Structure formats: C-alpha cells, structure tokens
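You will see chain A twice below: alongside chain B first, and alongside chain C after that.
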Partner chain A sequence: MMPKRKSRVGKGPGITTYVLLLLVAVLSFFPYYWMFVVASNDTSVINEVPPRLVPGDRFMENVRTVFNNVPFGRALLNSAIVASLAALAQTFFSALAGYAFSKIQFKGRNVLFVIIIATMMVPLQLGVVPQFLLISRLGWVNDLRALIVPGTVSAFGVFWMRQAIDAAVPDELIQAARVDGAGTFRTFRSIVVPSIRPQASVLALFAFMFMWNDFFWPLIVLNKQDAFTVQVALRQVQEQAYVTDYAIQMAGTIVGTVPLFIVFLIFGKQIVGGIMEGALKG
Partner chain B sequence: MTAAVEISDVTKRFGDVVAVDNIDLTIADGEFFAMLGPSGCGKTTTLRMIAGLDFPTEGSLKIFGDEVGTLPPNKRPVNTVFQNYALFPHMSVLDNVSFGLRMQKVDKATAAARAKESIELVQLGGYEKRRPNQLSGGQQQRVALARALVNEPKVLLLDEPLGALDLKLRQEMQGELKSLQRDLGVSFVFVTHDQEEALTMSDRIAVMNEGKLLQVGSPEEIYERPANRFVADFIGQTNLIEGTVADETTIVLTNGARVAAPSDHAAGTAVALSLRPERATLTPAGAVEAADGRTSVDGVIAGVTYLGNALVYDVALDWMTIEVREENRPAGDRPSPGDRVAVSWTTSDASVVV
Partner chain C sequence: MTDTTLAARPPDELIIPKKSLWDRVRKTAPYAYVSPFFVIFSIFGAFPILYTFWIAMHDWNPIGEKEFTGLENFSNLITDPRFWNATKNTFSIWFISTIPQLILALLLATLLNRQLLKMKTGFRMIVLSPQVTSVLAVGIIFTQLYGRDYGLINTFVVEPITGDRIDYGVGTWSSHIAVSTMVMWRWTGYNSLIYLSAMQAIPRSLYECASIDGASPFRQFVHVTIPQLRSTIIFTVIVSTIGGMQIFAEPLVFSGIGGAQGGNRRQFQTLTMFLYEQGFERFKFGYASAIAWALFLLIVTFAMLNYLVTRRISQDAS
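Our next item is the complex of A and B:
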C-alpha cells in the first residue's frame, strides 16, 4: 500500500490537471485581453463577426480622448485618496473593534456584536436615503469626505478581524503582555497587530478594491466633475460621446484598473508571504 | 517574617461554578511551593488570583503583607510563566525577554543588558536573535522563564511549566528549576498535576480537589500522613483497606479481622487504612510473630508482576486485593500464586483516613 501511495505523491499532478488549469487561466484572462483589443481599435470592432483578436494601434489615442473628455487625472487622484484613506482607516478601526470583541470582557459584548453582524443583512439601498440626508446636512455633497467617512469602518471588517484575532492570538499572549505591564492599546500595537498582519492586508485590499470600484454611492453624492472618482468619470466619458464609444470606454477602464493591479501586486505578495509564514509556523 | 503570599478565606466563582472554594494558604518567602491536584481542581485559578489575572470573589489575598485587592499584574512583585509559554511569536528572544523592562520605560541599552543576563541565567546565551519558532520546546520554556525572571519578581508563578516536555527534558528542567530557585532565593509557586514532580521538587505541597484545599505539608508529611482518602490515593500508590474504628488502637476490617491502627476517630467511624505497597512485607502464613508495633492480615498470592529491581504481588484478601511491593529476589525464593501468606507492616507506617 505505502510505496504505491508514495510514488503517486512523487509524480505530482498529471497532464490533465495542467491542461484544465491552462484552460481556466485562458478563459479568465480572455475578457481582459479582448478589452485591450477593443481599447486599441476603433469602436466598430465590437460588432465584427468573427470578433477581431489582434490589438490595433489606437490605444494611446483613445486614452487621450478619455483624458480630454473628462478630468480623468483628477478622477484617478480622487479615487486613490478615497480608496487608500478608507482602506487604512477601515483596517485600523476594524482591527481595534475586533480586538475588543475578541479579547476584552465587557457588558453587552455579545449583543453588540450580533447587532453589528445584523447590519450586514440590511440592503445597501435602504440606507442610501438617510445616509444622503446626513451627508448633505454635513455639507459634504461633492466632497470626498462623503465617501471616506462612511468607509472608515465596516461590519464585515469588524467580523473579519475578530475572527482573525480569535484564531491568531491566544488569550495567554494578551495576559503575558499584561503581566509585563503593557496597557490595552500597547498590547494591540505590539502584540495583536504583528500577529494579524496577513489578515489585515487582506482586509485592506478588499476595502481598497471595494472603494475603488464603488459606483452607486459616489454617483449619488458627487455631481461636480472635479469631485468625480474613476467609476463616475467613466460613465461621463460614455455620455459625452453621444453614441457609446466602446473603444474609449474600454481604454478608460484599462487605465482605471491599472492602479488596482499595482495595489494587488504589492499586497498580494504580503498576503502570500503571511500565509506561507503561518504555514511554516504551524 | 512576613509571608510571601497569604490567602485567607478566598473563594472564586465563575457564574455558578465554584472554581476555588474558601481556601486558606500561606506561602513563605523563598519557598518552592507546589500546587497539586487533578484537572479542573482550581490550581490555575488560584495561581491567576495571585498573579492578578483574576480577582477573588470573596476573601483576602496579601503579598508580602500588602492586601493586593484588584491591583493589576504588573503592579505586583510577581511574574508568571504560562503553561504554553505564551512567547510573542514575532519578536526575537531578546525582545521577548526585554519587553517587560521596556514597558517599565527602562532605556533600551539597560533593558538589553539585563535581558542578556537573564538569558544567560537560563543558559540560552547566543540565542538572542532567534524567533520562538526557531527554538525547541525546552528552549522556549527557558525563554519564558527568562522573560519572567528579568522583572525580578519576588514570587514566580509557574503553571505546569514542564507539561509539554518529554520525560528526559522534563527531569533535566526539574533539576535546573530547583537550583535556579535556590540561587535566586525567591518563592516559586509551581502548578502541576504530576505528583512525582511535586514530591521531588517542592519544599511544601498543597493538594487540591474540586476547588478545596485538602492538605498542605512537606512531601514527606503528605506522603506519610495523608489527611484523607483522596490525598492518600492521589499521591503515590496505596492500598485503601476499608474498615471501622473499634477503639483508639484497633480497627475492624470488612471480614472481621482486627488490625492495630491508632487513630483518634470515634468508635464506629467508617475509615480506610492507607497502606503503601512498599511498606508491607510478605511472610509465609502463620510465620509472623506478633512483634511490637507490627500487625498483619492473611491472604493468598493472586499474581506477581516482575519490575526488574522490584516485584509487585497481588495479594487476595477475603474481600479485596491489595498490592505489596518488595525488592527482587531469586526465583526459587519468591512466593508464587496460590501460596498462603501474611501481609504485615509496622502500624505507624499505615494511616487511617476517612
């Protein structure tokens, strides 16, 4: 029995596995490739049968049109500010709340946690009207604060960080820090945060992606071009072109996606590194 | 001299669970004190109350004469070595050990120097830069020890510090802990559920069960004069022979046999005679003389277990089987199963327990 099993492990995955993986990889990559094909051609290629598969030479021209039609540079900057501030704040506050829910005993802890979880079940649309009223009272319409402030904490983030801390930080570690004289916040900073770095990176990445891709809420609170985020600006590109110009639309989308890729590359490495480290430790 | 720790009438409840039930306990300065008992008996809870990680529901707890009340752990002259070491995984050995000093705002260089000393003390010099996951279990244990000692506690609390180590390492660490304690002259309060460990290491032992403190005494007192049936049975091997007190010098066993056993229980009290296997002697039936201070019961050899340096005989009495342990002797010279024998012992070697 044993030798047979061993040889199977030694051989690794078979050819079928590789073919399947390759197929899945091609299928998931194709839409992005075709997006580039469209973005580097004239909008007419969208209707060609069979679809064109080679990129054209109009990519830079299309990108330039995007920047001419809307203040796209400004939109990129706005999105970057909103997404990074909100991601940082959300990770920080969620970790802090998660720490409290995981490690600090206080009255009403469980009830409060259930309430927070319950807010995840309320559909976004229900909250939009009161939230808009609040934002306009604060005078934040057309202000990036309207996006950043509601993004500084999320129920999902709190839940995620609590689970992470439950799993990664044993109670004894917290007590050992207490015995050594570390206060609540110092323990959070010196003991908890370093232990949950991988999970915190995942949350930061999710939050960044969510904020970057959010369209519905920014569309409601932003109506001046200078305040536009990338997603709202992309919609304007389309409207000003009278007939939908897919080539320009796609060119803008590509430019608007690049920052996301960069962030993913940076954080992805950290996350994988963190997971590997955890695996080695275990 | 003021006691290092003085626990008076302390009870700790978690909701309906009484974890520690009205205990009184005094631990002297410089003493190696063991707390022994089965799982869930309240050892950790008692230790945590001394540490300041939990607070008594009722009663008073003094450390060097001062009522500690709800004083936080770092404000007590006490430090703790946790059962699973609880080392900070992302910090080097040096950072782990100096963490407490850094929290006390000791400057970096001094903290590092003192941490180094402490690391040398537990014989881990050269390992300062390692991470906990690059150390063996025994080495991690030493780091935990160094981390606690660097704060110069007057009482060191250790919760089953050797529980996770294999036997050989465990015995090695037992010796080291003991000599460390002697050198430092501070009190060690040591939780264990290994009775042998408690006997070999401690000056005094407290035996607990179900939140109650059953007996406190030197290893010898605990072993030779168990306060009750539970202690007799929990510490070492023993035979508990049931009987009833007849008068102050005699008890009547279940089958009506009378044995000499001095006790101060009232006549008619149901008791057990705790007889250690190694304190009993076997002689052929009828050959035992009623020597001064000795007493005996009759039985039949039911089995023999060969242990190399010793032999353990199962001796069937009329109503129960007891164990007798003797030094090994040549095969021809041993009683064998079926032989009628007398089991005798010096009366003061057995204890009457309720």
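Our next item is the complex of A and C:
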C-alpha cells in the first residue's frame, strides 16, 4: 500500500502515488461526466444495452422540458435569494460575535462560548415538528423567511470567526483604536473587518453552499411550486415522471448544480484552504 | 504622583455618574454582539427540541387538536417493529458508509501528504469536488447508476462477473450498499482533507526517529501517524455519527416515487425517513415527536460509545 521509502527522498512520490490519485480523480469525476451524458441524450438511448457512453445533443431540449414541468427558474431565484441572504447575515453575525469572544473582556464570556460549541453537537433536525408548528404560527409556510431566518446564525460560524480574529487581529491594534477613542463597534468596523476579509469570505462560501444544498427543512416548509428551492424542485421533477425519465432528472440536476460548480471553480482553492484550516483548529 | 491624583479627586468624582453610564453602555456591547446567535438558536433550535418532548406526550394533529396521552407514544414506539426495522437500517447504513469511508480517507490523505507531490492543490480540489453536489443530486445520479435494467454498475460490473443483474432497491443489503456508496462518494474526499491537514502538523522528526529505529513505512503509519491523528479521528467519527444517523435524502431519492417508506418492505427506511413519514405524510405529530426523541437518545448514546471506542483503538495503536 505504501510505496518504498526511497521514493520519498529527493525526487518526490513515485508513479504508484500518481496512478492511485488518478484513479481517485476518475472516481470523483465520473458521476459528473455520466450526469452530463444522460442529460444530453434521450432516455431511450441511455436505456440501450450497451448504453451510449458519450454526450448527445439534446441537453438544451431536456433543460427546456425541466423548465416546462416545474418553475425551475423561480426555484433557482429562490435558492439564490435564500443562500445569499443567509450567507451574508451569518457572516456578519458570526464576525460580530467572534469579535466579542476574541477581543472584549466580559462576564460569562467563556461559558457562553462553550455553550455555542456544545450546540454544534445537537442534532437540530430532530426538533422538526415544533419548528414546523412555529413556522405555521408565524405564517411562514411557503415563505422564504422560513429558511432565511433560522439560517442567519451558526455555531460553526461564530467558532470560525473567533479563530480568525484571534489569528489576524493583534490585541495592540484594538488597544490603539481604543486609545484613539473609537467605540467597540467602530473598532470592529474599521480595524477588525478589513483584516478578516479572506476568512469571512470562506465562511460566506460555506454558508452559501450549505443553504443551497439544504433539503430536509425546505421539503418540510415549502409545498407550493412558487416557493420551491432548487432541491425541492428537483425532488418534484423526480416524483413527477410516470415513467422514470432520467434524462430530464439529470438535466435538472445539472442546472441546479452549475451555480455551485462555478463557485467551486473560482474559489476552490480558498475552500480547500478553509476546510484544512478549520480542521486544524477543530 | 499621589498628590496630584488626590488633588484631581473632587472634579473626577463629579464626572463619575456620567462615566459609569457610558461604561454601562460599553459593557452591554459584547452581550449585544453575541445575542443574535442565542436569540435565533433559542427560538429555532433549543425550544423546538425541548417542546418535541411535550408534543410526544400527546395525540397531536396538524390542525392543533391534541389529547394528552402521557407516555403512550413511547410505549407504542418500543413495540413498533417499524421502529426497530428503521433503527437497524440506520445503523447498518451508517456502518457500511462510515467505516470504509474513514479508512479510505486516511489512505487518501497519506497519498496527498507525500512530500514534493506535484499538482497538490489540483488533487485536493479534485477529491473535494463531490462535496459540491447536493445530497439530492448525488441520490439521482447513483440511483440511475444502480438501475436494474439500464444502470452502468449492473451492465459493466455485476453482469460480467455474476452473469446476472441485481435489483439493488429490492434487497436489504444491496439497497444499504447502494445508499452507503452515495455517502462515501460525497464525503471521503472531505474527510481526507481533514486528515491531511492534521498529518501536516505532525513533526517530521517523529518520522525521522522512527526510520532511524528501522520502522517500515507501514509501521510508521500505524505507530506514528494514527496516534498523532487521534483527536482528529475522534472528531471525524463523532461528526459522521451525528450526521450519518440522520441520513434522509439519499435513501429517499433512491426509493424513487415510493417516498419515505424506503422500499416496499421498508428495507431501507431510516429513522429520519420514519420520522418524516409519520409526521409529514401521515401527520401524526405526537408519534413523530416520540421518534425524534428516540433518535436523539440513540445519537447521543452512539456518539459517546463511538468516542470511547475510537479513543481506545487509536490508543492501542500507539
């Protein structure tokens, strides 16, 4: 399993390492490739034995069918609204709380922080029945607020931003601002925010991806097509077909995944860095 | 020094009320900054979890009619074979998806940790890429791949080897394996990056000492890497316990139009699917709440058990 020790010295890893990693790459990518093959063919072609293994030319046609079957454009918009508002709010509130935990002395600071960390271990999905009753009482069933408001804070976010501020903002800088007469919020705005932009963006990306991909809770509180997010709409596409039509399902899946794929292509390096940094502290 | 301070005393005292008001405002600031989390979490997290227990003690329907039934829902649950079936399935899928996944992630991390590896960032991005898809997308792709009549896995792997095709959705084991591979595909790379990050923090000198002592790379892996990664391994096991025990979307999608029943014999219905079925398809809120509490207790117990077991195993390695 482990290539010989000597391959480590000097030249770097041997060919085995690259072959294995290439295999992992193929396994990681193949489902994506296959998704496009299915989405760009007629289902009958995929259902031939042996099936067609290369992309066809019906992708746009299949996408159009998806948009005709469910209001998919609306779903994309809804997901974009939910994910970006929640990500913005979550990043802001987390940074503010992280700043308080990192740079301000106050009574109960450690206890409150430990409580926040402990909530990360609570499987919140299990409060779903009262959560639903609460949302109905607020009149938020089929309302995007049902997703956005609970998504405005996260324990992980507070933890993340505290670590970031610990590392990126020296205490002397805060003290200097205080001597200059800046209040706590002004210090936050003019000293802390500019120095934690990179870490804050990674948190915003995480929050955006999480909200975009969330499924269980939207499935519970959204039952009208106009309010659907992408994930709930995809489930509807799957359920609608009398005969399972994978070409249509996959076309919808691709459209629903492309926005995140673009985010990943642009910010992948930062996301990888963020996960690895987070792991080190966790 | 002392004299001037004393001399300055009287005017200072006059300012005190004003100053302490300002101080009080300043002192509340940090509480205001941390309050959004506590307010939102109390309303949408803590309160619902606790209130679930109250609802579980009722016969409760969505219109709001309720009748107090005490612990009846719980006693019904304990004698409900569907509950034990879902419990068994949840554990089985957790086990098949998590144990191989974390072992693979460890091995993958050692590959990514090779010194002087080329295209480092590229490989890291590649292994993470499955994370981009939603659980729903993963479900749809793999359900097609596992299809009985047209799925590639049957056509190119199962049939050439066994001469027969498997209907993955029908069998208990085959459906658990299918659902587990969805989880593995999406999460192995992510966990390997977490391990990789911890591996990079291991001091090189430990390996140098080990190789001077004549330890083979494999022995170094077992006696240096694993013990050094102990807390990280514990962390990933706990996280995948809490997440994996709540698995829902993958088996739901895998069952196609069938919904939350998880196959005609409930052969892959998980506890969260059972909760969803009772609560939001049959609208028995009281019973669903009892399921939620049972699942909550299972997760807490199992997470603690896993913590102890993992600690033990990684200790033995050292």
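The criterion applied here is as follows: the second predicted complex is superposed on the first by the 225 of 282 C-alpha atoms of A that agree within 3 Å, B and C clash if a C-alpha of one lies under 4 Å from a C-alpha of the other, contacts with A are read in each partner's own complex, and residues count from 1 in each chain.
Here is the rule we go by: a residue touches a chain if its C-beta (ideal position, glycine included) is under 8 Å from a C-beta of that chain, and two chains touch if they have at least 3 such contacts.
Being a predicted model, the structure only gives us computed values, none of them experimental.
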| item | value |
| --- | --- |
| Touched partner set for A:Pro31, first chain B, second chain C, both or neither | second |
| Which of chain B and chain C A:Phe67 touches, first, second, both or neither | neither |
| Broader residue contact with chain A after superposition on the shared chain, chain B or chain C | C |
| Partner chain(s) touched by A:Arg186 [first = chain B, second = chain C, both, neither] | first |
| Chain B versus chain C as contact partner of A:Phe210, first or second or both or neither | neither |
| First, second, both or neither for A:Leu173, with chain B first and chain C second | first |
| Touched partner set for A:Trp140, first chain B, second chain C, both or neither | neither |
| Touching partner for A:Tyr246 - first (chain B), second (chain C), both, neither | second |
| Shared contact residues on chain A - chain B and chain C | 280 |
| In the complex with chain B, residue positions of chain A that touch it | 170, 172-173, 175-182, 186, 190-191, 194-195, 280-281 |
| Contact set on chain B toward chain A in their complex | 51, 53, 72-74, 79-80, 82-84, 86-90, 99-100, 103-104, 133, 147-148, 151 |
| Interface residues, chain C side, partner chain A - complex | 26-27, 29-31, 33-34, 36-38, 40-41, 43-49, 51-52, 55, 62, 107-108, 110-112, 114-118, 121, 123-138, 140-142, 144-145, 149-150, 152, 155, 185, 189-190, 193-194, 196-198, 201, 211, 216-218, 221, 232, 235, 238, 242, 245-246, 248-249, 252-253, 256-257, 272, 275-276, 279-280, 285, 288-289, 292-293, 295-296, 299, 303 |
| Partner chain C, residues of chain A touching it in the complex | 1-5, 8, 11-13, 17-18, 20-21, 24-25, 27-29, 31-32, 34-35, 38, 46-47, 49-51, 93-94, 96-97, 99-101, 104, 106, 109, 112, 116, 119, 121-134, 136, 149-150, 152-155, 158, 183-185, 209, 212-213, 215-216, 220, 230-231, 234-235, 238-239, 241, 244, 246, 249-250, 253, 256-257, 260-261, 264, 268-269, 271-272, 275-277, 279-280, 282 |
